[in-house]
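Given below, in the form of structure tokens, are the structures.
Two complexes are shown next, each including chain A; its partner changes from chain B in the first to chain C in the second.
Up next is the complex of A and B:
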């Protein structure tokens, strides 16, 4: 048991937590943008799967991780386009379409992967890390937080960029109005459908990126349903974060710690069935919902397709 | 104000149809700078549709809109704003979670940073000339409704509107707020703006307007120009408006001579209502000390502007709404403590105005809808099992008897037209055992043929010796059918008039708050 509090253990735990948190963070930030604009994006799990698959394929064939991130984001955007068309433009039920997209992409990516790689699960080489001088020398947190792939730092920077967009830009105002009172935005002369479409496509890009990170950096390979509910956790994060990106970051880190306990405990040689440990993040979700569920404040027009002149 | 001054916006023969309804029928309207143009009419007169077309939310089916003399298709709210048409809608169009400044900035190009300093300077300039103060950095949800409205007017000004449309803007304001709005409108037109002010309140129209157009059932029935406006006093103007709104139209196809019937005065009333009260709710007025009698064979009408407690009255009598005191007697027996079903059992029937929402189950077949209020009762149900044959037999009979035009008994009732749904309701409520029947807006939204058929059915009901309470916002309808007409205003009956020659004028005066 001495291993539990050793520097190595804690460092591995934290490192794993960050790696696990980034996909959740990207999904949460993406979902947050959709929800702000009034679209409940249940299809985000599907967008992540598309991103994971295409991101892996892109990185595998090109040998470039960055190209993989690009194709991953592209995959997410492609699914988001379907969602935007059906739910925003045509105004179909967002929950039904979201579930359909998630289940559909789960099957589709598994099928494509099977055709391509049969039962082999090729792996990507280990990722290059960007070491931040000085900070990385701090014991325990140094190696965990400051020896990560560049995209990790970019994802954290995105939190602040989002905060800026929401609070300081015209786009941020438009997004919030689209979610809280779309009719007001419409009479102010801004196209509600376009605003919501921008939000959904951005969600797709972020979710796709998150999926690609999960496959390429987190796992180094693609397996069917690799996201394992990361998109749904993103939805929970977005709901609890009350529209503030920084809360998505905190929540993602908390979930990340839970997820990373799985591996860290195995490293420490503690004999708890992995199934039990894998339940931890979902237990954490329920605990968080019990504790903070009441603070979830959702936009007034969330989930309601906008129709001009409807009463 | 010279006559040569060009209209900012003009409507020429504008017609707008919705499924089953003509919302605007060939309406002409001229809107001039420096004038408050009042659009007056009751609910359903077509005011909101007219505004929808001016603000780009809807397109006319016929006719054209001229902006600055040029025929223009106003394609969207954005386009309307660009043309200088700013609208303050009946329901607030501000984002409650944003600040006032953010709301005013809404609509700028998305790639730009909000130009807060520029806005503050502009707002300071406008508010100074108008003499209002606006808390720019307060959240909209923290403002009163009056303040929110000022923000909306300010928004139109910030966007250089030349025409400001105020849709039912006084409906949510306090009396003080209404006076302030009136003063603000005056200052705005003095600056050369044109204002279209929509209301259904006559006093506001007379107090704030320069020109009044009266709409009735989608048609423009009259206009009082500024010259005439100035020449008349407020009372005279109101009188003229009443004449326009409630006056008899020439060649009205609905006109029907009412056969004068004598009701046996000595007969004991079938329905006696005494001091009935209902507590007000957030969105509806209450009722206070409602008292009336209806004798067998008598048709009592309830007149009044929509939303003055008519629905509450009907529901309180039917047992669907909790009352606070008062008594209701049916054939002398108190029924105020009875449930909806028990009242129906005793012969009190209520035909709701909400035919699809409350009156029928749209997805159920026509046949079942005839017996919705008898579910479980023999002979249509036995031991909880539906007796299809019994139901169909009786339903087929009712379809014939009431001339319900339906493809089959199995057709979901929502697929029928409003008139045929109404016939299903009539058949159900007038079925055996009816003694007192309450009709709430029975011809609302029906076409002419069905309107006339429904009215005949109601007359027949009274002729059979039943007591009938007819609630309607259509004064013509009441005058053509009722024996007596009571006027409801703000939840109480302000007077009852025998339906004689001078009834129209008396009722008009009661409706606007003058003694008969």
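Up next is the complex of A and C:
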């Protein structure tokens, strides 16, 4: 057992946990903004897939990882634009459109992959990491946490930026009001549809970025259904976090550790079905809910389209 | 839902004009369903053209293999059985205002327990009794599985979207663990449960390959529809769905009703799993997850939680998926295109309903 808990192993485990957590973090932060503004964004899985596919295509053909992240975010925004148009502007049912978008993007990205890459399965080269001096010299956690790609640090910084936006800015207040009492926001002279559209498009950008990270940094290639429920995990994280970005970070890390443990167990050749380990984070959260389950503090107008003057 | 059908047109009219209005209403509804589907087919056809496949040939296969050929229509009707059970379960939950998004987990656990129990039970009792017992076991297991979200929602107010979504992830993994560790067939190398012999499965209808599960599914969804619209119990559930606070003031036992809704909804999802296994598949392979639940949710919404409309939409979904599968094999388009097609149909149908609604409003104004 000493081999299993060696410094190198633990460090690799932690590194994998961070890599697995970042897409969940981005999806969770995005979903959180939508939900704050009153839009239950079930299409986030589709947005992540669009981001993963376009992010991979962008990075593969341009050779630049950053351009890949940009196209990935663009892909997420494109899907979010459809969502914003149908669910925010004309008020169609968010669950119908969300699930339809997820199904459609699952199919579309798999289809495009089939015609483009299914013969060659091209891979991207390993990513460059940004080494933070001094901190990266700490044993175990140093190589895991401080030798990551620059975007990992940016994603973590985003958590605090989001916290600042929600607590200290006009936009944060507007978002909150759009989710809790849209009519009041309207009376205050601020366009509810516009506020919610901003939220949904931001969600798309973050989800697309998360998908691009998953394909380009996490896997190095695109395969159909690569997100494998990460978007739905993002929804769970956003709801558990009760509007606090920091809790999304903690939740994402918890799920990240378990996902990383799954891979590590396989590598170590331990004979437990990976499904058992995949159940761990959900079991942990369910136990927490059973023990401390309190009333959910979801926005009052979540899932209800806003129609001006309707009663 | 009777409230939905032409409340305005028949309000003041005499019998004769009312009959005409209903006919026009039916025509209108047909047009509002077939028109969007045609539009969706054209949009999806453009995607096919873009990837270099002849859309007419593709749709020809879909129609022929999903609807017109004897074998195809039988497969389509067989596919409907589990979907109808799932839709019935969702109708109960959604009408009572509970977002049971955990259908896939409940479905898989029902499927695995039915697959595990049926081959054992047929050895000790007559086949018909074994089937009934397996159905009951699947239903009860799925009901128990839904107890945690139900109790959390009923007594702690924990949002059921989170809990059911998490329970569906858990259930999918648990189903795999059960197949791999507990109910694994020792006689095969691939991890799967023991196979139920074909002669012990649900009987087929007449001389066809259609499973009698179709009839069970139809009975289930029509019963659910009638219970929800015609009985006191259904009315109670609808009040809970429309306004839970008013329901408390009306003296309804909301927590108990909540638990009942989850139990019925999950039980029907478990039966959906059982009907697919005992009628069609015969066993559960590890990592098998058809994810029917995800596709049925928007279908139930589009049907406005009306059982009869849901039957129609489920039929459409089955035609598209069975026809799409075989068209994919013939033309070298991956099966994933079916997902794109279903998605476009859903979006255009939702859009058409909105346009229709706006048109009616502006005409009234």
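FYI, the second predicted complex is superposed on the first by the 287 of 311 C-alpha atoms of A that agree within 3 Å, B and C clash if a C-alpha of one lies under 4 Å from a C-alpha of the other, contacts with A are read in each partner's own complex, and residues count from 1 in each chain.
Following the convention adopted for this analysis, a residue touches a chain if its C-beta (ideal position, glycine included) is under 8 Å from a C-beta of that chain, and two chains touch if they have at least 3 such contacts.
For clarity, every value in this text was computed on a predicted model and none was experimentally measured.
> Which partner chains sit in contact with A:202 here, chain B, chain C, both or neither? Use first/second/both/neither.
It touches nothing on chain B or chain C.
> Does chain C touch more residues of chain A than chain B does, or is it the other way round?
Between chain B and chain C, C touches the greater number of residues in chain A.
> Between chain B (first) and chain C (second), which does A:41 come into contact with in this model arrangement: first, second, both, or neither?
neither
> Based on the superposed arrangement, let me know which partner A:189 touches: chain B (first), chain C (second), both, or neither?
Touch partner of A:189: chain B, not chain C.
> Touching A:216 in the superposition: chain B (first), chain C (second), both, neither?
Neither partner.
> Applying the document's definition of touch, where does A:229 land relative to chain B and chain C: first, second, both, or neither?
It touches chain C, and chain B stays clear.
> By the touch definition at the top of the document, which applies to A:262: first (chain B), second (chain C), both, or neither?
The answer is neither, since A:262 touches no partner chain.
> Which stretch or stretches of chain A touch chain C in the complex?
40, 86, 90-93, 95-97, 99-108, 110-112, 114-115, 224, 229, 232-233, 235-236, 239-240, 273, 275-276, 278-279, 282-283, 285-286, 289-290, 293-296, 298
> Can you check the complex and tell me which residues of chain C touch chain A?
Result: residues 47, 51-52, 99, 148, 152, 156-159, 161-163, 165-167, 169-170, 173-174, 176-177, 180-181, 294-295, 297-298, 301-302, 333-334, 336-344, 346-347, 350-351, 354 of chain C touch chain A.
> Write out the stretch or stretches of chain A touching chain B in their complex.
Residues 168-171, 173-174, 176-177, 180-181, 183-191, 195, 300, 308-309 of chain A touch chain B in their complex.
> If we count contacts the way the header does, which residues on chain B are in touch with chain A in the complex?
52, 55, 57-58, 76-78, 81-82, 87, 89, 93-98, 102-103, 105-114, 155
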